[in-house]
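Dropping the structures in below, format is C-alpha cells.
Shared between the two complexes below is chain A, which has chain B as its partner in the first and chain C in the second.
For the complex of A and B:
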C-alpha cells in the first residue's frame, strides 16, 4: 500500500495563501479608500474654515476702514455670519492712526509706504474658525506715510489732476483714476503674512512698491457721516475740518518750532517772515528762527528765499524742516485776492513742505526765475489750486515731489521731480496715506 | 492488483474546493472593487468641486465680480458654479458688508458617465449642492 504523499493539500494551501495575500491587498485598498473619504470630508471642512477666517478678517477690515482709519475714536462692534461662516468681536478704539508717530513695525517693502512711515498697531484678535471651535489670531495694523516720500514723487489725485508741458518723474507716479475706471479691485494681496517679510532685489535692498493694486488708501479723515469721500483719492489734507491728517493742525502741534500766522494785508517782520502789508510775504528759508508758517488771505505774492552760496546751502540742509501753508479761504469774488505768484529764489537745501489751498480755485504761478543754479528741496501739496511752473528756460530739479488734485502746467523748461533721499524729518510734516495690513502674529 | 493512489483523489477535491474558494473570493473582491472604484471617483469629484468652489469664493473675497470670476476660472467638468443673493448691509453692528452665496451643483456619482465634447454625459441625475457664505468689505 502506497502512503499518501506529503504534497497532498498543497494546492489548497497555495490557494489559501493567494487569498490571504489578495485579502491583505484588498484590506489595504479599502483602508486607503477610507482615508480618502475621510480626507474629502475634512477637506470640505478645512475649506470652510479658510473661507470663514477670511470672512471674519473682512468684517474687521470694513470696520477699521469706516470707523478707525478715518476717525479719532470708535465704539467696538461685533458681527456673526451664522452657520460657522465667521464671526468677530472688535473692541473699542481710541487711537488716531493718521496722527501716530510710532515707526513702522518691521519692514514691508511690499506696501505703499515702501517699508517706512508710521504704524498704529491696533490689536490681535482671535478668529474662531468654522469647525471645532479652534481659533487663530490675526494682527491688524494701520500704516501711513506720505506717498511723495515713499518713492512716488508725483501723486495726482481726484478730481481733475492733469499735466501739460515737460514733466520728468524720477520714481513712480500715483494716478488716481475716476471712479469706475478700474474693472477689477483687490482688497489685499497674498503676501506677506509675516511681519518683516519683503521682496529683496538683486542688490540686497527692498523692492519698492509698484503700481500693483493696493487699495483702499485714504489721506483724509472725517467725523460723522462722510460728506467727502475719503477712499477715492480725494485730496483733503491741508485744512481738513476733522483735524485728522490735517496739515493745518499738524503745523500747530508739530514739535518743529512754533507756528506763526501771517497775512499780506498787514505789515509784520518776525523770525524770517516779512509782510509788506501790500500783499507780498517774504520767507527766508535760511533764517535759524524760522518755524512753521500759515499764510492767510490778503496775500497775492509769496517769495521763498533760498540760498545763494554753497555754505548757506549746507547750513540750510542742517536746519529743521519747516511747513509753510498758504490757505486762502475767502470765496467772495468781491474781496477775494488770489495768490498770483510764488517766487522761488536761488536754490534751497532746507527741508520744506509747501502746501497751498485756495477756496476760489484760481490758478497760481510757481516762478523759478534763476537759470537752474541748483535744485530746490521741496514737497508740494496743492489742493484746489491749478499751478503753472514758470521756469527759466532750463530744466529745474525739485527734490521731494508734488501731490495735487488740479492741473499742472510746465512752461519754458523741463521740471524734474526726484525723490527725497533723507525724508526722516519731513515725514512728520507731510500729509499721509493710510492703509490696513493684516498679519499672522 | 495495483491499489489506487488516494492522493490523486485528494488533489482533485482540493482543486475543486480551492477553485470554489477562489471564485468566491474573486467574486467578493470584484463586487467590492466596483463600489470602491466608484467611491474613489466620487472622492475625486467632491474634492475637485470643493476646491473649485473655494477658489471662486476667494476670488470674490479679493474683490472680483461674479462675471469676472466666471471668466477667469477654467471650466470644471461636472460642476456648475453660481453666485446668488448678493446683498450689501450690516452684519451685526458692522455696516457695509457685501455678502453672497457661492453655490456649486455637481454630480458625485460617476456610474455610466462618459466624456464627450468638453462635458460629462450620461450618469445618474443625482446631484449635490454645496453653498459657501462669502463676504467682503464694500470699501475696497
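For the complex of A and C:
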C-alpha cells in the first residue's frame, strides 16, 4: 500500500512537471502572439494616422482652392471629421496669390508651371492640422504661371475653342474644351478628363493625352460678376470685374514707360502709338518709349510695326516687354465698331503680349502679309474673339503662343507655335493659372 | 490513479486548446530565431553594403526583428515621398545591380518636366544624363516583370538645369544555392551613401509563383483614347494623378513564393498583378508626382 502511494505520488509530480513546462511554453507562445497582435494593432493605428493626415491635407487644400487661391482675402475656417480622422484650422488671410511676384523658392520641374512662375507660401498663416489627436505639419504653396509660358504654346479654353487650318505646336497643347474641331499637329496634349478624345498627329496616328497630373487649375479664370466658374477653364483675364489676374490691371501696374490709352476714334501721337482718328491705330514696337497700351472702342484696324533689319531686331530684343490690350466693350450693334484687322508688319523680336477682348464676339483677322524670314515674338490672349490667321502663303513662326476661348482659323499657310525660351520679363505681363503644391517640411 | 488521469486530461486539454487558438491567431509559424550564412559573392556585397567577403549571415524568414527593420525603411519611404515632387520606379533584371545613386540629374535647358510622365521616359533621361546607368534598368510600361526594383525620389531643385535626387531605394531578390532560397535586400541611399536597409533570407519552399511584379504604374484614364495593348490599357484608371502600386517582400512572411495563381479577366487591372494580394504588409500606393 505504501509502495502504491509512493508510485502515484511520483507520477503526479512528473505530470505536474509536464504541465508546468507545457504551461511555460504556452505562456511564451501567448506572449509572442500578444506582441504580434499589439504590433498589428499599432500597424492599424499607423495606417489610420496616415489616412487622417491625408484627410486633413485634403480639407486644407479644398479650403484654399475655394477661398484663397483666386481671392484677395478670406475668412478663416476650421473643420474636423471627428474620431481623429483629421482636422484643420485656418485663420483669416489677406493674401492675393494670383498677384504675387514672389518667385518660387527652388525649381519644381514637375508642376504645371514647368518649374517657373510665382509662389505664395502660406507657412506663416499659420495653418494648424491634426490627425489621430496629434498635430501634423504640411507646407502649402499656391503657385501661378501662364500656361503659354510653361511649355504649352497653345491653350484652348472654354466655352468654344476650336481649330481649323494648318496649326503646328512645338510643345504641349492644353485642351480645356475638347468638343470642338482640332486639326493641329502637336507634340503632346493635356485635357482634364475626357477618355475617348484623341488628337491626330502630323503622321496620321493618334497622340495619347499627357499622363502628367491634371490637378485643379484656375485655368486663367478668376471670379467675376455674375459668377464665373474658376476651375473649368473659362478664360476671364483681360478685364474681369474682380481685378485679380486681370491684364487690364497688370498693364497699369507693370508699365515701364507708363501706360497710355488710345482709341481709333480720335487722333493722337505719343511714344510710338499713333491714331489717325479714323479707326486706325499704329504701334511701333521698336520705339524705346513705348509702354503698355490699352486700345479702346472706335478702333477697327490695328497695325503692329515690327522690325525689318537684323540690327533693329536685336535692339527690339533688348527692349522691355510690352502689353497691348484691345478691349472693345461696346455691345450696342448700332454703334459697335468691330476690330476688323490686326496687321503684323515685318517680324518682331520685342517681347510682346497682345490681348484682345471684344464684348460683341465679332471675329478679327490677324494678318501676316509678309512671309517672314524671321518669326514674330508674340503671346496672344484672345477672349470672346474668334480669329483668322491670314498668312502670306508660307509658314509663319510665332515664338510665344496663344490662348483662346473661341475658334481659330489658319488660312493661306501654316502657323507654327513655338515656346518662348526667355520668358523672364513676360511672366509679369501674362495672365496666370494657379494651383496648389503640398510638401512635408 | 484517477487523480493523475484527471490531471493529465485537464493539462492536455488546456495545452491543446491553447496551442490551437494561438496557432490559428499566429497564422502559421510565429517566428524563427535562426540565421544562415548566405553565399552572395563579393560583387553583390560590395554593391549592397560596401563590404568585403562573399558570405553574409542573414536571418531566416519569418523574423519579426527583420520586419522591424523593414518597417523603419517603410517609414523612411513615406517621409521621402512627402517631400518629393516626383517618384519614378524602375525595374532591374535578375543579377543586375544598381550603382546609380546620384544627387543630381542634369537636364537640358529645353527640358519640360511635364514630358516626363512615364517611368520609361525617366529611364531614357537617366540614360542620357548619366550614361553609366545605361543597361541597368529595364523598359516597362504598366507592370514591371523585372525581378528587382529601384525607386528614385526627386525633390525641388535649386538649379534649373538639374533635377535633385532626395533618395534612391533599391529592392533586390537574389536566388541563392548555398543555402537554397532567396536573399532579399531593401536599401535606401542618399547622396550615394547607404542610410537604411533591411534584409532577410527565405528558404526554398514548395510554392512556385514568384514574388512579382514589384511595381505597377497606373496612368490617367484620359489615355484610354489611345489604344495600345490590353496589358497597358487596363491600367489607365487614374482620374487626375498617375500612381504606382509597389510591393516589398515581408520578413514576417515565411515563404516568398505563393502557392496558387488567381485568374482575372484580361481587362481587369488586377490581371497585371494577380498573385500579389495578401503577400506582404509592405504594400504602397505612391503618387508619381506627390506634391501636386
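FYI, the second predicted complex is superposed on the first by the 355 of 441 C-alpha atoms of A that agree within 3 Å, B and C clash if a C-alpha of one lies under 4 Å from a C-alpha of the other, contacts with A are read in each partner's own complex, and residues count from 1 in each chain.
As a working rule, contacts are C-beta pairs under 8 Å (C-beta built on N, C-alpha and C of every residue); 3 or more make two chains touch, one makes a residue touch a chain.
Since this is a predicted model, take the numbers as computed values, not measurements.
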item: Partner chain(s) touched by A:344 [first = chain B, second = chain C, both, neither]; value: neither
item: Partner chain in contact with A:33 - chain B first, chain C second, else both or neither; value: both
item: Chain B versus chain C as contact partner of A:110, first or second or both or neither; value: second
item: Touching partner for A:66 - first (chain B), second (chain C), both, neither; value: first
item: First (chain B), second (chain C), both or neither touched by A:172; value: second
item: Touched partner set for A:151, first chain B, second chain C, both or neither; value: second
item: Partner chain in contact with A:19 - chain B first, chain C second, else both or neither; value: both
item: Partner chain(s) touched by A:435 [first = chain B, second = chain C, both, neither]; value: second
item: Contacts of A:50 with chain B and chain C, given as first, second, both or neither; value: both
item: Where chain A meets both chain C and chain B, residue numbers; value: 8, 11-12, 15-16, 18-19, 22-23, 26, 29-30, 33, 36-37, 39, 43, 50, 188, 215
item: Chain A contact footprint on chain B (complex, rising order); value: 3, 5-7, 10-11, 14-15, 17-19, 21-22, 25, 29, 32, 36, 39-40, 43, 46-47, 50-51, 53-54, 57-58, 61-65, 68, 90-97, 99, 130, 132-140
item: Residue numbers on chain C that touch chain A, as the complex places them; value: 1, 3-4, 7-8, 11, 14-15, 18-19, 22, 25-26, 30-31, 64, 78-79, 82-83, 85-86, 107, 109-118, 154, 156-160, 163, 219-228, 239-242, 281, 287-289, 291-292
item: Footprint of chain B on chain A - complex, ascending; value: 1-2, 4-5, 7-12, 14-16, 18-19, 22-23, 26, 29-30, 33, 36-37, 39-40, 43-44, 47-48, 50-51, 54-55, 58-59, 61-63, 65-66, 77-81, 83, 85-88, 90, 183-188, 215-216, 231
item: In the complex with chain C, residue positions of chain A that touch it; value: 8, 11-12, 15-16, 18-19, 22-23, 26, 29-30, 32-33, 35-37, 39, 43, 50, 105-112, 114-115, 151, 171-172, 188, 190-198, 206-215, 421, 435, 437-440
